[in-house]
Structure formats: structure tokens, C-alpha cells
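What follows is one structure encoded as C-alpha cells, with my remarks underneath.
To keep things simple, chains are lettered A, B and C as they appear, and every chain counts its residues starting from 1.
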């Protein structure tokens, strides 16, 4: 049975099951240590062709317009998580929770102190272009930068179809947060427009994960203004939580436009303590905001740039009792 | 005589006049209580037709151009404060201070802990469209969200001409600041472009209000880049203060564009302590900055996006000796 | 021999050389005083014609395209530092370090508490237009504001060709940071597009300067998206440092567009403590970020707005062992 979690090399020889939990608890009590031990996580990712429908129900719910399928369905190339050795595509439980589709690359999770080995394979049989992975927020040597530039490119910035490359990353003390990753090869103009991006969620060494984590990617796709590749309510992700839960929103933007993230009925604070319910971000900027749910409701979340909202950048968030 | 202040329900049976002031002072001294008691404030607002001139003097003072009136005067629909029961339109003293006109909706003021009942009536006889009020920054139940969306809309998101709705809001602990409100009904694309927005100024429970408060709304209007609905020096609000006074600038943006707020000859700090004299904001983002005036002068304030400044987003600020 | 440093009036009669260093050290030890004494700095600047090549090697390294010289070379007007009395143009050592060219105006450096006298002469024989200097971040009287506006302009906002004006500025307690200066005269639309801007770097009273300081100005120039007036790797500044050094990046934007500053392989923190590797900024916004170099490498720095990066807003940063 293939593992659906990144394998934690640092954990391999640790005891498993209840004994491990007891030992972890003891360690925390006696030594003040974190229950999470620094690990090396192996993640298998490939760039693969995907036929993608940006508006599966074909409807612009705001204006009541209907789109023919020829205007909403496109072949493209996206990042997919695979089992070890790119055996077969796999999807983690927490990725299934939110989005209806599978547009964004996998949400790669780690903790400060962890090392990541991202094993990337270019399976782009659609455009037959080179691709790469460039990661924000984490530490790496130039060889793992994933950039293409004549004279300066390493292999990792120019992974040709059929080839693979392993990016070696470290979640350092300044890596806690939510960060984008994306193609930075020669074909990045086309491929990012087609959805070749994803997110990294790095928790602090001793940070408690929230009960829910929602990824919101603002990016244009084939004339639509999409959230995680989908446009208009009824197509964009419906995020869900329950009263009493903590939630984290991971927000990023890709492309050439600026956006303002707004959630109805909720507020959060800047890192300086100022209340907010709308925050601007431009290409490759990203942030995470958190709160505790204390009341049920169905709410809108959207980009507050009016033209973007009207072109589909809007979704639903449900807090159940 | 109709009250021109939002009625404070929580204050109704408190003593009035000098006795009240003495009691408040005593309460502060003895109990450390705030002089302001949590209140329920009733505000009466209507969407009404208004003929609006974006450039009353017809002049682009930057380029020396002159506009015919047909290019600057337009019928539109705006929010107006009314006396109880929408008896008649009314304007508060502090609203009169700054702007030459009456474009923005009323500046609704409250304190953390207050409850607000916004009694909204749609008197749009111009376009005969449904309208609503959606408030940022404050707490409310989904029924007071003011959004229009098929299946999810409550009555408050679709107030038809002639109808009314009361939005129930609470200024919570995370509500201190300056926030936009705006139409979020089916007609929001047109109505926000026409000026159907305003601001909420929520002071902290024990916060001292500044001597002056200026509202700066960056939004396009009929091809002009306007501040509070007016374009070019000579038309935009002339804000005024005196040496020794404290001033607060409430800044917000509506529409689809990003702006950078700049005031000449002054600086303020981010909530992290970094000095600034220019701050960017996108649609529905808002903030307040404050300072103490220590020298006289006539200064410019403007959006520093050059194209916006050249299309009218610039005004004067006078500090008198 | 003309001085190439702004003359520090407050320092004129202080001892020079080793004796001065010893005395400074003693003052610091005994009195807790800063080694830097508040000074009045005289800076001589002129607006002068310059033929500027935005892409000296003629190559768009990203797309492999080649531009004819007629598409990259333009006559324009820029700010230049001069010796006392505008005797002759001069360039400071630290200005030479980074950029290949001389596009931006001089980096004017001072400390909180210093006074600056900027002696500006308009030597625009190219367009024969009035010009001015408007400074962000520092304190000044309206007469030194450098703005042009009918009725309100002082002489400093309308310095005609052949004329000069002295702007009197103070680096106040809220002036620490990196700030733009630029033309704010009647011709600012054209002249800022042509490069009439520069930066002010104000250190705290007792702040230690970093080993390296890099100026990154994001602005369009004649259809290119430039950094300090240059487009595409091979033309934009190559910034250099060594392992063990501290570096400061001074980032600003001019014009009408928004940008996101990103440096590969590095992270910094907001003033609230949140890690970042990309920060958005709009026209006239500016900031400085700092870090310590602990590993060698050749990295990209760029605007992460994809269209801007593809139109040239990208450069190299080398950390030598």
C-alpha cells in the first residue's frame, strides 16, 4: 500500500503506534521538546497533462450567463503528487476537503527544521516543454533554485520532458508561513498561466496546526479570474468548518495582477495587531490568516477587485453548527 | 426637532447635561470606566438619486484644461443620512467640515462595544434597481450581510425600490478602525461605480477621538479619478486643521484599481513602527493614520499613481497657525 | 580638490584622522554619545541631459530577442551629483559599486538629526522645461516642498532652465528609512517617465550602516520595465556582496504601476516579524530590507509581476565566498 504522506526519514526508526505517542508525550513533559521531530520529507511530484474545466456548471451566477463548454474546458499541464518513484498519482485527505477539482499542485506541508526532498518529474506530453519547480520561503542552494537563465541555469531549471530532478530544501527559522512554488523554467510564461503552481505550508517548530486549512490561489486562467482554477460560485471551492474549530486561510497570487482577499463576516489582525477583513496581494505574495469559529453561517470569500469578482473570483465558505 | 446624531439607546435614561458630565467624570476617576457607555445606535440611511458634478469648477488645474459641464455632471444614486423614519435628509456637523459636496454616504461613527441598527431604505427612483448595504469590519449574522446571490440572499441583499431593511451590527473587539460599506446587491457593479459607498469609523472603547477626521475615498467616477467624488484641486475636499490639533485620515478605495496615499510634509508609522509617508491600498482596503500638527502650511494630498493624480486624484490640506 | 562627499558642516572644525577616531570612541564609552554628530550636509545636484541606453547589450535574455539600438537609446534628463557650486559632475564610490550606469539621481545619505541643503540647478537644455525636487520622508517647510501648482507654487516647484534653488530638509525622528525624491514640477509627467528621480537613505541616529547597500528602482522607461533604468539580465545592475557581510536593499517604485520585489534564496521579515521573500509596492512606496550573508551563490532578484519580469525587470545578485 503506497504511503500518501511524505515519508519522514528522520522518523523511520522511531517506535510506531501507541508506544510512539506515549514516548512523544513523555518527551514533551520531561524535556519540553516538541512532539514533532525534525524530519526529512520526500515528496514526489510530476508535471502532467490535465483537461481542466474552469466553470464545470457553465454558469456565471452573478450575471446569470451561461458558457458553452468550448469556452471553459482546456487542456493544460499541472503539478500532481505521486507515490514513491512516481508510481501513481495520489491525493491526500486534507487536499480532498476543500476544492472540487485538482488544479493546484499539492499542498506541501512541513515544519521549521524539516528538510524536504522534492522529486520532480516532467511528464508534459501535451506541450513537450521543459519545466521546473521554484520554491518560495525555504532555504536551498543555487542548484535547487529551479530557475532557467542562459549560462546560469542548473539542471533543476530546465527539466526536459521525461527527465527528473530532486530539489533539496530546508525549512529554516524564517520559513514559517504559506508560500508559493511554481515553474521558473523557460516555459514559465505559458505554464504559470496554465496553472503550474502550488503552495508550501510551513508550520513553526512547536506550532499547533489549525483544524482546517484552506488554500486560496488568485490567478487568471483562459480569460476567467479563478480561485484554485475555478470561476464563479458553484464552481470555486466551497470551504467548510464547524463552530468551535480553528481555521487557516492560505492565500497567494500568481500572474501579473493584484488582488484584495476578503471574507464576509470575519476579521483578523495584521502582525502589528491592526484588525483587517481585506488584504491586498500581488504576484507571488502570500500570507496565512487564522481565526476561531464561534457562530454558524454561509459566507462569501472573494477578491474585492470588482472586475475580478465579476469575472469569477468568488466562492462560498460554510460554518456548520 | 429631529435628532441629527445616531440615537444612543443605551444612553436614553441616563442623566443629561452638566450632571451627566460630572457623573461620567466620577465614574472614570473611581472605577476606571470609560466615559462612553456601550450604546445601540440607530442610523437612518437611504439610497437616493443625486445629480453630481465631479468637477464643479470645470478645470483640470494640472494641465490647464477646461471641461464642458456635459462631461462632468451626471445623475447617480448615493447613500444619504436621514432623520428618524427617513423623514428628511440630514447632515452632521463633522461631515460638513471637510468636503465641498455630499457624495459619499454618511460617516457612521461608533465605539467598540456599540451595537448599530442601520435602517436602510431604497429610494432609487433613477435606475429603479435593488440595492443593499454591506459593512466591513463589524460583526453581524448572515442575515445582515447585505449580499445578493441566488439561493443564498436574504432580504437584506436585495432591497427593492420603495422597500427597507434594518442591518444589525456589533462593533466587536476586532472592529476598531476605519472601514468601507457599500452596495453588495445585484446592481453593485453599476451602483459602486456611481458612488454607492461610505465609511464606518469605529473608535476603541476608551480611545480618544482626534480633533479632526478626514475621509479620503479613492474611486473612479465617469472617467475621472476622484477623491470623495471630486476631481482636481479646486474641486476635491480641502481638509483643514490648526497647529496643536490631532488629525485622523480615514482612507479607503472602491472599484478595481490600486492606489498609493501620500500627504506632503507629513509622516506616520506602520503598526510595526516603520515610518511612512505613502501607503498602497486596493479595492475595499482601508486604514486610518494620525498625527499631531506642529507647524502651519498648505500641502497636497494625493494618490501617487501618476495617471490617477493626472486624472484628478489630488487635493489640498491646510494647517492654520 | 573637490570633495566627493556631502560636506558635513557640523564636522568642519572637528579633529581629523586617528585622533578623531580615538575621541569618538571615548565619547561613546564615556557619554554614550553616537560617533556620528548631527550635521548639515550640502548636496549639489543638477538636472542634466543624458543619452541613455536601457538595454546596452541589445538583448532580451529571456526570449532570446535582439533590439536595434534605435529602440533602446533615448535622450533624457536625469539628476546628477555635482561638486560644490555645480563645478563638475561627480560620483561617489558607493554609487559606483552596484549599477553599470548612472541613471538614477544620486543616493543621498544622512542620519536622523541631520539637516540637508540640496542645491538644485536646472540644466535641462534638452527639453528646456522647468523642474524641481520633491523629497519623501524628511521634514521641511512648504517652501521646500518642490511642488508646482498654480497659486500655491513657490520658486522651488518651478525652477526654470538655468535657475537654481536650495531645498532645506531635516531628517527627523520619523525619517529613518529609504525614500524617493522626484520632480514635482509642471513637467513631472514627462520627466519622471524619463528618469528624474532618486533615493534618500536615512540611517537612524545610532544605526550601523550595512556593508553593502543596493538601490532597486522599479519604473517603466520607453516601453521597457526597468530597474534603475536598465532592462534584462546583462544590463540591469549586478549587485555583489561577500559571505559574512550585511546587505541592505533599498526598493522604490515610480510611475503608475505596482510591483512585487523578490530575491531568490533569501528571506527577511516584516516590521511585525513575519517572514517574507516577496513584497508589493506601488508608485512612491519604498522600503529597505536587510540580511546577513552566510553562503555564496548567484541569484536572481526581480519584480514578480510576470509581465514586468518578461519586459526586463530582472537582475543578478552575486554573493562571493
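In this text, a residue touches a chain if its C-beta (ideal position, glycine included) is under 8 Å from a C-beta of that chain, and two chains touch if they have at least 3 such contacts.
The model shown is predicted, which means the values in this text are computed figures rather than measured ones.
Rotation angle relating chain B to chain C: 120°, from a CA superposition, given to the nearest 5.
Although chain A and chain B carry the same sequence, what matters here is overlap: shared residue numbers make up under half of all numbers found at their interface. Once the centre of each chain is set as its mean CA position, chain A and chain B turn out to be 37 Å apart. Residues of chain A found to touch two or more other chains are 258, 270-273, 280. Residues 134, 136-137, 139-142, 145, 147, 149-150, 152, 172, 174-177, 179, 188-189, 192, 255-256, 258, 270-273, 280-287 of chain A are the ones that touch chain C when the two sit in their complex. Those residues of chain B whose C-beta lies close enough to touch chain C in the complex are 61-62, 233, 258-260, 262, 264-265, 267-275, 277-280, 295, 297-300, 304-308, 310, 316.
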